[in-house]
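Can you read through this structure? Questions will come right after.
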Amino acid sequence: MGSTIALADGEAAGGAEQPAERPPAWPHRHLLDTDVLTWPQIELVLDTADVMAEILARRRPRSEVLRGIGVTNLFYEASTRTRVSFEVAAKHLSADVVNVSVTGSSIEKGESLLDTIRTLESLGTRVLVMRHATSGAPYLAARELRGSVINAGDGRHAHPTQALLDLYTLRRHVPGGSLRGRKVVILGDVLHSRVARSNLWTLTAAGADVWLCGPSTLLRGFEVWAATGVAGARRFTVTSDVEAALRDADAVMALRLQQERMAAGLLPSVHEYQARFGLTTERLRLAREGCLVMHPGPMNEGVEIAPDVAAGSGSLVTQQVANGVAVRMAVLSLVTSVGVRGPA
Amino acid sequence: MGSTIALADGEAAGGAEQPAERPPAWPHRHLLDTDVLTWPQIELVLDTADVMAEILARRRPRSEVLRGIGVTNLFYEASTRTRVSFEVAAKHLSADVVNVSVTGSSIEKGESLLDTIRTLESLGTRVLVMRHATSGAPYLAARELRGSVINAGDGRHAHPTQALLDLYTLRRHVPGGSLRGRKVVILGDVLHSRVARSNLWTLTAAGADVWLCGPSTLLRGFEVWAATGVAGARRFTVTSDVEAALRDADAVMALRLQQERMAAGLLPSVHEYQARFGLTTERLRLAREGCLVMHPGPMNEGVEIAPDVAAGSGSLVTQQVANGVAVRMAVLSLVTSVGVRGPA
Amino acid sequence: MGSTIALADGEAAGGAEQPAERPPAWPHRHLLDTDVLTWPQIELVLDTADVMAEILARRRPRSEVLRGIGVTNLFYEASTRTRVSFEVAAKHLSADVVNVSVTGSSIEKGESLLDTIRTLESLGTRVLVMRHATSGAPYLAARELRGSVINAGDGRHAHPTQALLDLYTLRRHVPGGSLRGRKVVILGDVLHSRVARSNLWTLTAAGADVWLCGPSTLLRGFEVWAATGVAGARRFTVTSDVEAALRDADAVMALRLQQERMAAGLLPSVHEYQARFGLTTERLRLAREGCLVMHPGPMNEGVEIAPDVAAGSGSLVTQQVANGVAVRMAVLSLVTSVGVRGPA
C-alpha cells in the first residue's frame, strides 16, 4: 500500500509522523462537520494552524490572507468564546468582519434563515460563520451561499472547529505528538454534545482509542454507532462505567452539563451527576500519569469538573482557547482558498 | 425653458437621458427624506453609486473617502440588513464605524435622544445613521448634530436610502434605463410604510406613473395626497383594485405586511390579505412581460409575495440589497462633502 | 522639603504649575481606582491626555501606540458613552478592539467571571476594559489577567477614568489652570456614586476644597470618612445644607439620581429631591460668577439638574465627554507601557 493511498485512509495513516509526498489539496468550500475530512486534510488544517500560531506570536499578529474578504459572524445562540475567537481570527487575517446576533437584528421580525443568508451574501458576505440552535441549519445555508459556510455549532449536531482545536491541542501535548493508540475519554452528556460528535470523527481519524462515558440516558444511540464504527470502520467504546473508562487514559475531555437536562428528566440531580461522573482528582488517579484534561468551556466547575482538576498541571483548558484562534485562522484561510461557487 | 431650469424640476426633467450642463452641486448636509431632493440631485446620487459599484467590484473594495471620519449606527429598532448595509458601506469608505443599538446601551436608562446625540457627537461622531420608531426623530437629531444625519428609517415616515436604492435598481433593469412613463405599482400596507412614502418622491421625480394599491384601510389619507400631487404637481394613483393596478405594470414593489396590523383591526386576517392582495404568479400575468418585482425585505413569503414570484426571473430582491451598499456609499460620500455646521 | 518629595505628596504639591524635575514613571499595570495615584502620576495622565487631544484635533486622528494590541470592552452593565468612548479611544490608538456585552454572550450561561477573564486572555486580550455591577469585580480580574485591567465602573465603588476626565476638564477651564484652594461641590446621590468616590481622590490630590452635598440618607458613612480624611490627610466637607455647599463654589458636579432609589425608601420623591437639591439657576447664583457645572451623564434634566443650567454658559458637560476620549487614550497608553505580568 503506497503512502499516498495510506494518507487518504485515516485508520491506516494515523499520526503526524508520516509526511505526505505531495501536499494534499483542500477541496472543501465549507466546513460543516469533521466527518468529510480525510486524515491528510485534517493534517493540513493542523499544519496550517502551526503557521498561524507563528503569526500570532509576532508583535503585530497580522496577515493579509483575507484582505478585502467579508466575514460575517451570524450567531443565533449566545456565545462569548466562539464568536470572539472567530472575530479575532478573521481580523488577524485582515478580513472585513461584521457581527450579527439574534438580539437587535431583524431576525426577531421572523425573517427566514434563507432570506437572511441571501441578504448577507448580497451585502458582501463571503464567509459566513454561523451558530444555530437547529441541527443542520448550516447545511441549508451552505446550499444557498456562493461563498463559504463555517459551522460554529448547530444544535446537538456538530462543532467542527472545536474538534479541530481539540485535536491540535492534544497533539501538541501528547508525548510523541501522535494520538495513534492513545486512550482518549469523552466524559459527560454525550447525547446533547456537538463537541463530542465532531471529536469522534477527528479522534478516530487520528487513530485514538476513543471512549465515550456518561449516564446511560445521555449515551442513547451511541452503542449502535459504536458497533457500526465511525466511517464504517473506526470503532470506539461506549460505557457508563467511569472507572473502566478512565483507567489508563491518556486524555479526558469533560463535557459541559447543561443544567436544563434535569428538567427534561434525563438526570436525577446535579449532585448525583457530580458524585457519579464528575472529573475529580481521585478519579483521575485511575488514568495514566500526566493524563491530559480538556473542556470545551464554559465550565461548570464543581459539577462536571472539579476546580483543582480544571486548574491542575494536566489541564489544557487555556491552551484550547488560545489554539482555537490559530485553528480558526487556518480554517478561514483554507475554505476561502477554494473560491466561490459559480452562478447556477 | 432652459435645461438648467428644467433640471431643477423633476416633473419636466425626468429620465437619465438628459445630461446636466454643469455638474449639479450637492447641498444637503443631512439625508432625512427624499422630498427635498431635486431630480439632478437624485441623479447625482445614482451616478455616484455607479462609481461606488465599480469600487465594490474590485478585489479589494476600499476607498479612502471617509478616512478619519467617525460614522455611528444608532439603531433604536432591530435591523439586520440596513444596519449591516450601512456598516459595510462606511467601512468600504475607510470610515471609523461604531454600532450602538438600544439593547446593551444606556439608552435603556432613559437618556434623552438629544443627550445621546450630543454625547455621540462629543465622542467623535461626524455622521449619524439613525433608525427610530418615532417619525421625525432624525429631524430632531439633525437640528443638534454639527455633522450629518442619515435617516435609516423613522416610524412610518421615511426611509430615503431605501427609495434611492430602489430607484437605482429599477433604472439598471428597466429597458432604456429611464422610468419616464413607466407604470410602477407599490402594493400592500402603504399606510404604515416609510418605504412607500420615500419612494413616492423619487419615483414621481423620475417621471414614473406611480400606483399605490392595498386594502382601503391601509391607504387612508393617500387619496387626498394623490389629488394634490407630490411636490404640488406630480400626481399618482390610489386604488384598492389590484387588477387595475397590476394591468400593464412595468414594476411592482410589494411591501412587508406587519403582522401586528391584524391586532389593530386594520386587516381581517393574513389569509384574506394574501388571497386579495398577495403578489402571485397569476396576478403578475396582468402586468407587462418581464415585469420587475421588488421588495424592501424582510419578506413574508407566502403572505404579501408568493415564493415563486420572489424567486422568479423578474425579481430584483437580491439586487436591491447589493445595490444598497453602493447607494449608501454614495450618500455617505455626498453628505460628508458638505462639511459640518459652524459653531452657532 | 525638596521638590521631588513634594511631587510625591499630593497635598503639598497641588497644581500643575510645578514641573517635575525628572519625568515621573508610570508604575501601574492596571487602573482600578484613583486612590493609588500620586499627584505626579495624575499629572502624567493629564499631560498625556493633552498630547492625545492634539492627535484628536488632526484630520486623521490616529496613533500607532497600541498597534497589534488586543483591547476588549467587557460590559456587564448597559452603557453608551463609556463603552463607545473606550472603543473610539482604543481605535484611535490602532488597537484591535472587541466588544463583549452581557446580552448575546455565553455569560448568560452562567460562566464564572474568572473563566471569562481567562478565556478572553487566551483569545488575545491584552487590555480588559470592564464594567460590572459588583464593586470590586475588576480587582478580581486584575489578579488573573497578565495584561491590564481598566475599571470602567464597578458597582458603587469606582470609575477612575471618569474622575480623571473630570479633573482634566476642570483644569482646562478653571482660571489659572489649578484647583488648589478652589471649592468644588459634588451634589446629589453621593452614597451610590462611583463617580463621587473616584473624584474625591483626584480632587483632594489636586488640592481642591471638596464639598459633598445631598440628602443625609445619601451621604451615610461619608461624615466618618471626611473626619479621617482621604489618604489619611486630605479632608473634605460633608453637608446636607445645599446653600452652604454652593456658596462661593468654583465648580459644581451634579450626580445622576437613580430613580430606583425611591423604591428603596431612601428618597421621598423625585419632586421633593428636585425641590431641595436640584441644581437650578437660582441656586447657582450662590456660587461664584462663572461657576463651572459638570455632570457625568446621562442627565435627568429637570431632576438633579435644570435644563437651562445643563445648557448654560458654565456647563462643561459636552467637554467632559469629548475630553474623555483623550483621557482614555492616555490611560490605555500608560497602562500598556508597563508590559504584562510574567508567568507565575
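All chains are identified by letter, namely A, B and C, in their written order; residue positions are counted from 1 within each chain.
We take it that a contact is a pair of C-beta atoms (placed from the backbone, for glycine too) under 8 Å apart; a residue touches a chain by one contact, two chains touch by 3 or more.
Just so it is clear, the structure is predicted and the values come from calculations on it, not from any experiment.
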Regarding the subunit A and subunit C pair, does the interface count as same (over half of residue numbers shared) or different (under half shared)? different
Here subunit A maps onto subunit B under a C-alpha rotation whose angle in degrees, rounded to the nearest 5, is 120
Subunit A and subunit C: spacing of chain centres that average the CA atoms, whole Å: 43
Which positions in subunit A touch two or more other chains at once? 103-104
Residue set of subunit A touching subunit C in the complex reads 56, 58-62, 75, 78-81, 83-85, 87-88, 91, 101-104, 259, 297-301, 317-319, 321-322, 324-325
Interfacial residue positions of subunit C with respect to subunit A in the complex: 67-68, 70, 72, 96, 98, 100, 103-112, 115-116, 118-120, 122-124
